[in-house]
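Some structures to go through are shown next.
Two complexes are shown next, each including subunit A; its partner changes from subunit B in the first to subunit C in the second.
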Partner chain A sequence: MAEYTLKLRRYDPQSGEAPYYEEYRVDLEPHRSVLEAILMVKNEQDGSVGIRCSCRAAICGSCGVRINGRPGLACHTHLDKAANTGVNSDGTTILVEPMGNMPVIKDLIVDMDAVHWKKIQRVTPWLINKEPVPEREYIVPHENMVDVTQSMACIQCGACVSDCLSMEVDPLFVGPAASAKAYRFVGDPRDAEQFERLKDLAEDPHGIFDCTHCFTCIDACPKGVAPMSQIMRLRRITTNDHHIVDRNNGERHERAFTSLIRGYGLLHEAELLPRSYGGDSWFGKFHPAAGQELLSSLPVVVKGLMRGKMSPKLALLGHRIPSRDLKAVQAIFETVESKDRRYELNLYITGYEDGDEDVGVPAAVAAGDDGMPSAPGPDPHQPTSASESESA
Partner chain B sequence: MPAHDVLIIGAGLAGQRAALAAADAGASVAILSKVHPVRSHSVAAAGGINAALNPEDSWESHAYDTVKGSDYLGDQDAIEIMCRAAPDEILWLEHAGVTFHRSDTGHLGTRAFGGASAARTYYVADITGQAILHVLYEQLMKHHERVDRYEEWFTTTLLQDEDGNCIGCVARDIRTGTLEVFNAKSVILASGGAGQAFKPTTNALICTGDGIAQAYRIGAPLMDMEMIQYHPTTLAENGFLITEGARGEGAHLYNAQGERFMEKYAPNKLELASRDVVSRAEQTEINEGRGFPDGTIALDITRVPRKRTLEALREIVNIGKDFAGVDITREPIHIKPGMHYIMGGVKTDFDGQTPIPGLYAAGEVACVSVHGGNRLGANSLLDTLIFGRRSGEHAAQRARGVAMPKAPTSVLADAQGEIDEILNRGTDPARPGRRVSEIKNELGETMNRYVAVYRDEAGLATAREIVQRLKAEAPSAAIDDKGTVFNQDVLAAIELGYMLDVAESIVMAAQERRESRGAQFRTDFPERNDEDWLHHITVSLNGDGPALGTAPVTITKWQPQARTY
Partner chain C sequence: MKVAYWPGCVSRGFTPELHGSMAAVAPLLDIELVELDRACCSGAGVIAEHSQELADTLNARTFALAQAVQGADLMMNICSTCQGAHGESQERLDANTEYRDHVNGTLAAEGLSYEKGLTNKNFLWLLVEEIGLENLKKKVKRPLTNLKVGPFYGCYIVRPTDRLGIDDEHPRDAYLHWVIEALGGTVIDYAGIHKCCGFPIVTMNKQASLKQAGTHLADAQDAEADCLVVPCPLCHLNLDLQQPVAKKAVGRDDLAMPVLHLPQLVGLALGLEPKQLGMNKHVVKPTSVIDWSAAVVGAPVPA
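What follows is the complex of A and B.
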């Protein structure tokens, strides 16, 4: 047994008072969950503490909260781990607050309808059947079904939504959970509207290209859904397979990144903007939109120069790395591009047979050239690099 | 005041399936649930759903396995309906978008399951219930114009007119505390089981027997209530479920002496015998001192190829890691039998109709009875979907011939009075009352001690005494929260009353059945006795107290035989 102090953020909408913190002491074994501690408080000390909960086993998705500042499920977080991570890590105090990015109803209960479920509804969250619907089942590769199982494993707990940084800046951003839901249809070979779904989500200024690639949702997800990975996969299928040009210019921006890295080994910031609009061609620099954006970013450029974050030389010539290193970088491009299929991360597919010790690394499922993730290549069990590869 | 042709209470698989079917049949539909639909306990169903869909398989074989699994207490006409309809239901789900895992040829894949003579369990990794539940919710979102959803509404009472027809319910909006009358031409209960009357249980905190008790309180008979399923593989410490899919994929059970003891109890089916058989075998090993010191058995999943485990049993890999500190791909995990499912429930016919006109029930809340004395693994999802659909269709059809009822507004005042009574408890310091959670705990521990795998008259009599004392204590149980917004305390007090009604009927039926059949094993009557007990036991409210009755078992093709695996 160990003694913990649960510091709960309380809010009673009927009281007319601001939220406040209340501390409770609980005696529980360190491997018990934060939810068990809260339920102990509810049962023995104060039944008015509000928290949604049901299954206690990380499957119903009810008890999403912030624990010491980090989003997660209360039932899925051990007391000792909770007390030693995050903002209050003194080993005994556990701060529990409602999730972010959503209005609070009472105590630890947030209004998921107002944010989370609205966004889910935004992505046309049902299968649009390919016609004709077969008399029996659709015949589809096992790998595809295992592949979409990763996003199907989402329990709609909202932990990723809670701490999504892009959503904090742009509350209209479709967000990680809804994007993962979208992948569940985009990756499903039975769905008839892959292109339409992707075009819709790419052209929406608050769509998939609004994600800033910060990894917070991957960290937050208690089920390994890795929402950001699903967003990146949506983007790759959008750009590489469907060549959809999005309103955020995300596709060309991504291309500019890869072409610069290939050319210089490091990012060449001054080139990024023109290339994002005009492509690799030299004349691209004179693309009107590039000029416009350059003009509007001038204050930032000037600030950067004044603070020494860049020099005129770097801005004009870009970074240089030794040619041996540059060759090594380019070799990575060659290796990746020589594969006839794109490899994608997937939790449910390990790519390893028994006996391999190094199985902590999730491996890959390949996406076919037709844009439809399809069966892995000739040797699906070949251990592959865990890093997501870009086929430019 | 909302008014619909069909009102569905509960939004798990049975409720959502009923809603979609009723809407398809042209009815206006409301679905109401005390939690958001995807939080329903159907989400926890792991292993899969049975259907004889392969050409080599047959519905007769599925039905026979189910009848045998039920220890001949299942009604064979209802079982036949369920097993015949199963393949089409799987295809319906597949077309609706369920991501069933495939075989190498891209057709629907199957895994083996307990008590089945063929591999006929269709699955999505080990999150089958979750996958189906979320896909049905996708369909509800798609059909939002035809199905009104009332999410986080708590039903306090069912309503009847002077002729005894069920005409709706009173429910409390949990977010605001507002009470509302829901009028409906037909009402379908789909509110699930009552596992929280036991402690520990694999069931979620929301499984408090609400619908069973609500129906019972307006006179609907309950049936097969003594039949409580103890699942063979639950975690020792907290009762969490380890799916039967693990054994389906090839895991073995060992006692502390390293013996694969199922060889003694079920030489043919071994670990894949019926759940009652495996649970009893484990309990015998434990009781006779061959279990581990913490009263457990070892489940060895390391035999299953690691890649397969990570792909198809991902959820229990996580549960092992997160809740037991065990890597199940490398070492055995300790388990024991734990309360899992109630075969009994509100008595219905195979269209879901209860004897109360206008009231239907489907899923775990109901007893058709397709599970009889013991439910086969992966038959519960099937039960919810088939009888959910049939209830929805029939309720919609019934609604066509009925005028929209209108409950008197006085019912609202009555319901508010009951809630106010709870809120005002504990104001007299001389009579503080026990805490709701304390009474609930004592109930759960009592049931798990005396009404478990092995039972006898002395233990059941003790349980009955305790339950009756708790029933007397419950009305004065005090609560802390006096607010109206998300007052979970008030709901817990109401749920306690539901659980106590359900527990009482379970104990009474178990006392009454003086034989051993299916999940009911009486050490004082260890044999099955078809001559005296091949019938259902019913419990219904008579005046103020419960009264026992019987109902015949329907036998069509399969005469009772000795049951070995």
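What follows is the complex of A and C.
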């Protein structure tokens, strides 16, 4: 047995009083769960503590909370691990708070309907059949279904939503859980509306291009769904397969970045911004959208130049790697971009060679795969985004 | 120790003071930097977003160049974003022989090949794990006494924890705290320590991006930090270069928060002058905001 201090955030919005923290002492073995400790407090010390739970086996997704500042399932976190989590941990105190980004109903219970489920509904979370519907079952290639199993592992606990850093500043962001759900259907060859789904999420100012790539959802997820990785796959199919040029600069930014590296080997920062707004060529900066952005950024640019942060020469010409190496880099672009099938390795599916006996082979995940005839794919006659634009 | 050194693009572009201060600090720490000047951009996650295989192949080329540096103990990054992008590529390359062979097949045209198991560390990790905090303390000539420093880690060297090897034995998400203390400074605790600076979405959702930067700056200032320290030049762009607009995004005209690169903070404590460390190149000049008379530069350097 070990003694822990459970520090719970208490709040009842209907009471009109401010939130406060209350400490309880619990004696439990270190391998018992945080949920068991909370329920023990509720049963033996204070029946008014509010917590939602059901299965106690990390499958129902009800007991999402923040433990020492990190989101997770209370039933899936051992007391010893919890007490040692976080930079300021002392080994015995366990701070339990409700999940973030969602309004609190009472104590550790948040309003999932107000945020999480609304966002899930927003991505049309069901399959839209391709017509004609087959008389019996759809035949789907194994690798396609394996590809979407990662997003199917989601138990809707909301841990990723809780700590999404984009949602913290933009509550309208579609968010990690709903994006993973969107990929569940975008990646399914039976779905009829891959293009429409992606166009919708790309054009939404709070859609897939609003993700700030902070990896928080990857760490938060108790099921290994890696929502951010699913968002990157949504972006990849949007830009590379469907060439959807969105109003949020998502496609232009990716294209400009990639082609600048192809042209210079290093990032030409001064070109990236105007091209992301105005289109991927040296003339991009003369596009009205780029002009407007450059004008609004002018004070920042002038200050940077004044401080000697960048020389005018660097700002105009950029920097590049030696020409022999640049040729080698461009040859890599040529080789990889000329393939009509994407070669992707998803470690969630294949596992790691070391310490993992069951190692699969890398799956070529591509729209246009054999056995996936009706899915839109990269047209071999159509140059890919990066090869389309030679460097300025 | 000799390291194959990848400075990244931005440290030689829009934040030249980062590359400069690293070069100034390295000899004081007995680090020999062999610059990987033939290598290309890590892709910063954007090339991987476009094509995973392309990003992995370009980074495998960088790793192969690092492995070809004679006598180097390991590879070192000073850009967290490069560190994260490299880590992601290396994880896939190391996990699967068939995939690695496939990527090496593309590199063969140039006579290069990546061999599994490169050690690639951020300067922060290297400070703690290779140089050691005790050793670092001994080198301090001008302790950062009375300097209240807010650590800002950035995303790429703290998440995802599994890939980055963060565990009980290697709490790399606490190293910046340790280094500040080893240099004699005081760590300021504030909400944004492990959050995102917002830079990756600055072209897609500028307001949200600036709000992120502004919020962290305001939180740090309200917690009475004298300055922030960052191990990532992209965080520096959003927190320093963009600070005049970020403070407007959160309605805080009073914000004036100097943001130091990690090698600058180390350099100050090791006795270098702010100008030698390029601190005059910042938009929010540390020399004009911090009251140095009571701390660091104002304090005499012991002989």
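Assume the second predicted complex is superposed on the first by the 293 of 392 C-alpha atoms of A that agree within 3 Å, B and C clash if a C-alpha of one lies under 4 Å from a C-alpha of the other, contacts with A are read in each partner's own complex, and residues count from 1 in each chain.
As a working rule, contacts are C-beta pairs under 8 Å (C-beta built on N, C-alpha and C of every residue); 3 or more make two chains touch, one makes a residue touch a chain.
What you see is a predicted model; the values in this text were computed from it and never measured.
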| item | value |
| --- | --- |
| Touched partner set for A:His31, first subunit B, second subunit C, both or neither | first |
| First, second, both or neither for A:Leu314, with subunit B first and subunit C second | second |
| Comparing the two partners subunit B and subunit C, which touches a greater set of residues in subunit A | C |
| Which superposed partner A:Asn101 touches (first subunit B, second subunit C, both, neither) | neither |
| Touching partner for A:His76 - first (subunit B), second (subunit C), both, neither | first |
| Contacts of A:Leu127 with subunit B and subunit C, given as first, second, both or neither | first |
| Touching partner for A:Thr238 - first (subunit B), second (subunit C), both, neither | neither |
| Footprint overlap on subunit A, where subunit B in one structure and subunit C in the other make contact | 347, 350, 352-354, 359 |
| List of subunit A residues in touch with subunit B within their complex | 12-14, 31, 42-44, 46-48, 50, 52-62, 76, 78, 105-107, 109, 112-113, 120-121, 125-127, 129, 133, 136-142, 145-146, 148-149, 152-156, 184, 188, 190, 347-350, 352-354, 359, 381 |
| Interfacial residue positions of subunit B with respect to subunit A in the complex | 35-36, 38-41, 43-44, 91, 94-97, 99-109, 124-125, 127, 130-131, 134-135, 138-139, 141-142, 151, 175, 204-206, 238, 240-241, 305-307, 310-311, 314-315, 318-319, 322-323, 325, 435-438, 479-489, 492 |
| Subunit A to subunit C touching residues, read off their complex | 84, 87-88, 165-166, 168-170, 173, 205-206, 209-216, 218-219, 232, 235-236, 239-240, 248-250, 253-255, 257-258, 261, 265-269, 272-273, 276-277, 299-300, 303-304, 307-310, 314, 318-319, 321-322, 325, 328-329, 331-333, 335-337, 339, 342-345, 347, 350-354, 359, 361-362, 385-386 |
| Subunit A contact footprint on subunit C (complex, rising order) | 9-10, 12-17, 37-41, 43-54, 57-58, 61, 84, 91-92, 95-99, 102, 106-107, 109-110, 155-156, 159-161, 168, 171, 173-174, 177, 189, 193, 195-196, 198, 200-201, 203-205, 207-209, 211-212, 215, 241-242, 244-245, 280-283, 285 |
